[in-house]
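See the structures that follow.
There are two complexes below, and they share chain A, which is joined by chain B in the first and by chain C in the second.
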Partner chain A sequence: MRLELGHILINDVQFGDVSKVENGVLYVNKEEMKALLLQDDHIADIQIELAKPGESTRITPVKDVIEPRVKVSGDGGIFPGVKNKVKTVGSGRTHVLKGAAVVTAGKIVGFQEGIIDMSGIGAEYTPFSKLNNVVVVIEPQEGLTQYEYEAAARNAGLTAGIYLGELARNLTPDEIEVYETKPIFEQANEYPELPKVGYVYMLQTQGLLHDTYVYGVDAKKIVPTILYPTEIMDGAILSGNCVSACDKNTTYHHLNNPIIKNLYAQHGKEINFMGVIITNENVFLADKERSSDWTAKLTEYLGLDGAIVSQEGFGNPDTDLIMNCKKIEGKGVKTVIVTDEYAGQDGSSQSLADADKAADAVITGGNANEVITLPPMDRIIGMLDYTDTIAGGFNGSLKADGTIVAEIQIITGATNELGFNKLTARTY
Partner chain B sequence: MATGNSEVVNNAKALSIEVDKMSKLRVIHYINQFYAGIGGEEKADIKPEIREGFVGPGMALNTAFKDEAEIVATVICGDSYFNENIDEVKAEIIEMIKPYNADIFVAGPAFNAGRYGVACGAMCKEVQEVLDMPAVTAMYEENPGADMYKKFVYTVATGNSAATMRKAVPALSQLVLKLAKNEVIGTPEEDGYLARGIRKNIFEEKIGAERAVEMLVKKLKGEAFVTEYPMPAFDKVVPGKAIKDLSKARIALVTSGGVVPKGNPDRIASSSAQNYGRYDISTVHDLTSETYETAHGGYDPVYCNADSDRVLPVDILREKEKAGEIGELYKYFYTTTGNGTSVKNSLAFAREFTKELIADGVDAVILTST
Partner chain C sequence: MVKGIEESGIPVVHICTVVPISLTVGANRIVPAIAIPHPLGDPNLSKAEEYKVRKRIVDKALHALTVEVTEQTVFEN
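Then we have the complex of A and B:
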């Protein structure tokens, strides 16, 4: 399966009479976009706001971030099984508005949404401060259940992403990246001298605001399976998940999975990248046992020599991570695991809820409990009403002048476990 | 012109010497009877004393401080005496050093001398806690004092014998100055101390995914690599003894599922809890959506908010109490959110409220998590 990603580089976003991309500027017709999103009966009102790098702007509570993409050739459409027919994606050509994103925000569903600061120290912790963001602030209809509201907010973000992505359909990309993975035997034979490496991609699947969707299927209900890496670049995996926003994968993270990109970067040089095994992180022990048995079985079945295992979340999923690591190592497949830490605000506590000596190669996204002071911002998109109660905040987090003292857990994507960031932790 | 310039320079130099004298950091040094030249094992029982200025290895240390700091006094104590009278000695030494108004306390180096190492670590910890003064020691990594105190006290790594004194002094003096001047301390490798087990965030040159692929390539080739998080040793908790007769047992409910009276009166955080709550349920028979909810931010709260008995089974225990299957449900429940809450905080909470449970004659605890 071969995919070309055509990047149209976006360096500014503005409102305009017609939605279009011209000379690297994304113009958004606010009223047209709003009318499209208000077609959903669950939504009472929508505000569209723009947030650019370097502005004194804070977005909260953030639910998801979506990169605008459109499929211009090859089977299927972006976000298959959810926004387009459930065709297998991952081949042909896809255009991307690189440097732009849709951010969904608004009244909280749970306690679990995050913060994006566009400048100041907080901006250093989130990759989304570097993007030209079109923020969709959602006001749900009264009387919706939390599940209905979450689904409506998730859908609004995807709809907005498709609306903007469509603007790239007929543009000439500024740069084109090509990714290809061949059918299994062919791929194995292409670089017979190189170690065969796979990627075990753990998806958070624990209920409301903890869910992930694969071709429209709630990933709680999958058994581990194999995907071509390029399917993920076309939106095969979508986020319904922002609990403790620092280490949850937004849809943007899935579309731009850096482990996949870095495995491709070494493909044919140091390794033979064979493909992706997706698995879930369910709450029941039987599910954990079954899924970790199956990931190990699939690494063996694919004849892998090595695998990177990435976690999503912390605490309960630490057990899934360690079970995966232990069982895959047990098959003689060498692993590196990617996680983050909850070592307490002073960093002196143990970082994970589970451990095993097989996990001797660990990459960490940092200690999510570390406390940060976010300076006040001139403009708030969304609302600060929930700052003290969302995960990472505490009683007194929000000061009178708008300063926020909270754990970095509160920042969307701060300790991402796909290795998206430069942050790490060291023992002092 | 030339004369004028040199005068200015000379004046400035004189002035800076004057300032240095006034602002030299004041150091108290702790050593044992052996390094004080009093004697070996046969003198290990001498009581603590304090002398003005430096003694023994303090001379090298004092020289290494150059003009930035000076040892104003040296505490000397026998190793056996210290370890056999540890609480009294610590208090006594604190009183001895108080009048010196020092900026920092330094103990050792103790190299591989076990009792000396323990004394150095214990004394540094005490000074930090009681006098709120920075303290630093130095010893060999296998010294038992290192294991006991490196978590609390910066401990410069030395060789295992006094033969390595020449190497130990520069590292120790540098860390003393850094701490006394309240400068940022680098990694254990950078500043030569034994890792204290404190995790701190830093920004790397490369993103995590690139580091992960590089690490895997090294591991596949059998090359050396450094894990970013060495796996900790986990506590194994031995289950309590079985209760022989439940019908007489007083049973308490404790949860990390975040169940709280509606409105979360003690503001327990939705993640990384810094406190726990104790709530009276002596007259409660059922938790309802009007009276209880969860403060927990790490699981789907809908089912718990609809009926908190699902996480904290008060209703069932009341039934069992009525039926005589259990003696009694304890009058309070204890609760916190387990979500993102450090093991250290969890241990501290439990240590505190377990005393109340024991004092009130609770026989067993049902601990529910989510």
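Then we have the complex of A and C:
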């Protein structure tokens, strides 16, 4: 399967009479976009705001971040099984508004959604401070259940992403990246001298605000399976998931998974990148056992020499991670695991809830309990009502002047476990 | 907490869903629970059926307290 990603580079976003992209500027017709999103009768009102790098702007509570994309050739459409018909994607050409994003925000669904600061120290901790963001602030209808509100908010973000992505359909990309993975035997034979490496992609699947969707299927109901990496670049995997925002994969992370990109970068040089095994992180022990058995089985079945295993979230998924690691190593397949840490505010506590000797190659996205002081911002998109109660916040986190003292787990993407951010720790 | 209480000489049964974590942290008597969001119940069942599940787990845990163990033991049945 071969996918061309055509990047249209966006360096500014503005409101305009007509939604379009011109000379690297994304123009958004606010009223048209708002009317489109208000077609969902679960939503009472929508505000659309722009947030650019360097502004004194704070966005919260953040639910998801979506990169605008459109399929211009090849089967299916972006976000298959959810926003387009369920058709296998990952081939042909896809255009991307690179440098722009949709951010969804609004009254919290649960109690643990994120913060994006566009400037100051907080901006250093989230990759989304570097993007030209179109923020969709959602006001749900009264009387909706949490589940209905979550689904409506998730859908609004994807709708907005498709609306903006469509503007890229007929543009000439500034740059084109090409990614290709072949059917298994053909792929194995292409670089027979190189070690065969796969990627075990763990998806958060613990319930409301902890869910992930694969071609529209709630991933807690899947058994581990194999995907071509390019399917993921076309939106085969979508986030429904922002609880403890620091280490949850937004839809943007899935579309731009750096582990996949880096495996491709070494493909044919140091390794033969064979494909992606997706698995889940469920709340029943039997599910954890079954899924980790199956990931190990699939690494063996693919004839892998090595596997990268990335976790999403923390706590009991640490066990899914360690089970995957132990069982895959048990098949004679070397592993590197990618995680983050909850080592306490002073960093001296045990970092993961589970451990095993097989986990002897570990990459960390940093300690989510580190405390940070976020200075007040001139402009708030969304609301600060919940700052004391979202994960990473505590009683008194929000000061009278708008300063926030909290753990970095409050910041969207701060300790991302795909290596999407800059934090890590090394031992020498 | 399990280890802290045991250090004072009182036997402890750890009822928990993720048995591997309980093993990693060193609990000696472990009784598997239902699921992480509802360790001692199951909202998918009727009240009457759920009561049976709850009673079974508690009975098993009380039984485990009375059993001498020489190594970390998971009481599956």
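Keep this in mind: the second predicted complex is superposed on the first by the 425 of 428 C-alpha atoms of A that agree within 3 Å, B and C clash if a C-alpha of one lies under 4 Å from a C-alpha of the other, contacts with A are read in each partner's own complex, and residues count from 1 in each chain.
Assume a residue touches a chain if its C-beta (ideal position, glycine included) is under 8 Å from a C-beta of that chain, and two chains touch if they have at least 3 such contacts.
Here the structure is a predicted model, which means the values were calculated and not measured.
Applying the stated contact rule after C-alpha superposition, one finds that A:288 touches chain C and leaves chain B untouched.
In the superposition on chain A, A:323 makes contact with chain C only, while chain B stays out of contact range.
Using the contact criterion defined above for the overlaid structures, shared-chain residue A:427 touches chain B, although it does not reach chain C.
By the touch criterion defined above, A:368 reaches chain B but does not reach chain C.
When the two complexes are overlaid on their common chain A, residue A:206 makes contact with chain B and with chain C alike.
By the touch criterion defined above, A:355 reaches both chain B and chain C.
In the overlay built on the shared chain, the residue A:262 is in contact with chain B alone; chain C does not reach it.
Overlaid on A, the two complexes show chain B and chain C touching the same residues of chain A, namely 206-207, 283, 316, 355-356.
Put simply, chain A touches chain B in their complex at residues 110-112, 124, 145-147, 195, 197, 206-210, 243-244, 258-259, 261-263, 265-266, 270-271, 283, 305-308, 314-316, 334-336, 338-339, 341-352, 355-357, 359-370, 388-395, 407-409, 416-428. The part of chain B that touches chain A in the complex is made up of residues 151, 185, 187-188, 195-213, 215-217, 219-220, 225, 227-232, 234, 267, 269-272, 274, 295-302, 338-345. The residues of chain A lying in touch with chain C in their complex are 206-207, 283-285, 288, 316, 318-319, 322-323, 353-356.
Listing the residues of chain C that touch chain A in their complex gives 17-21, 24, 32, 34-37.
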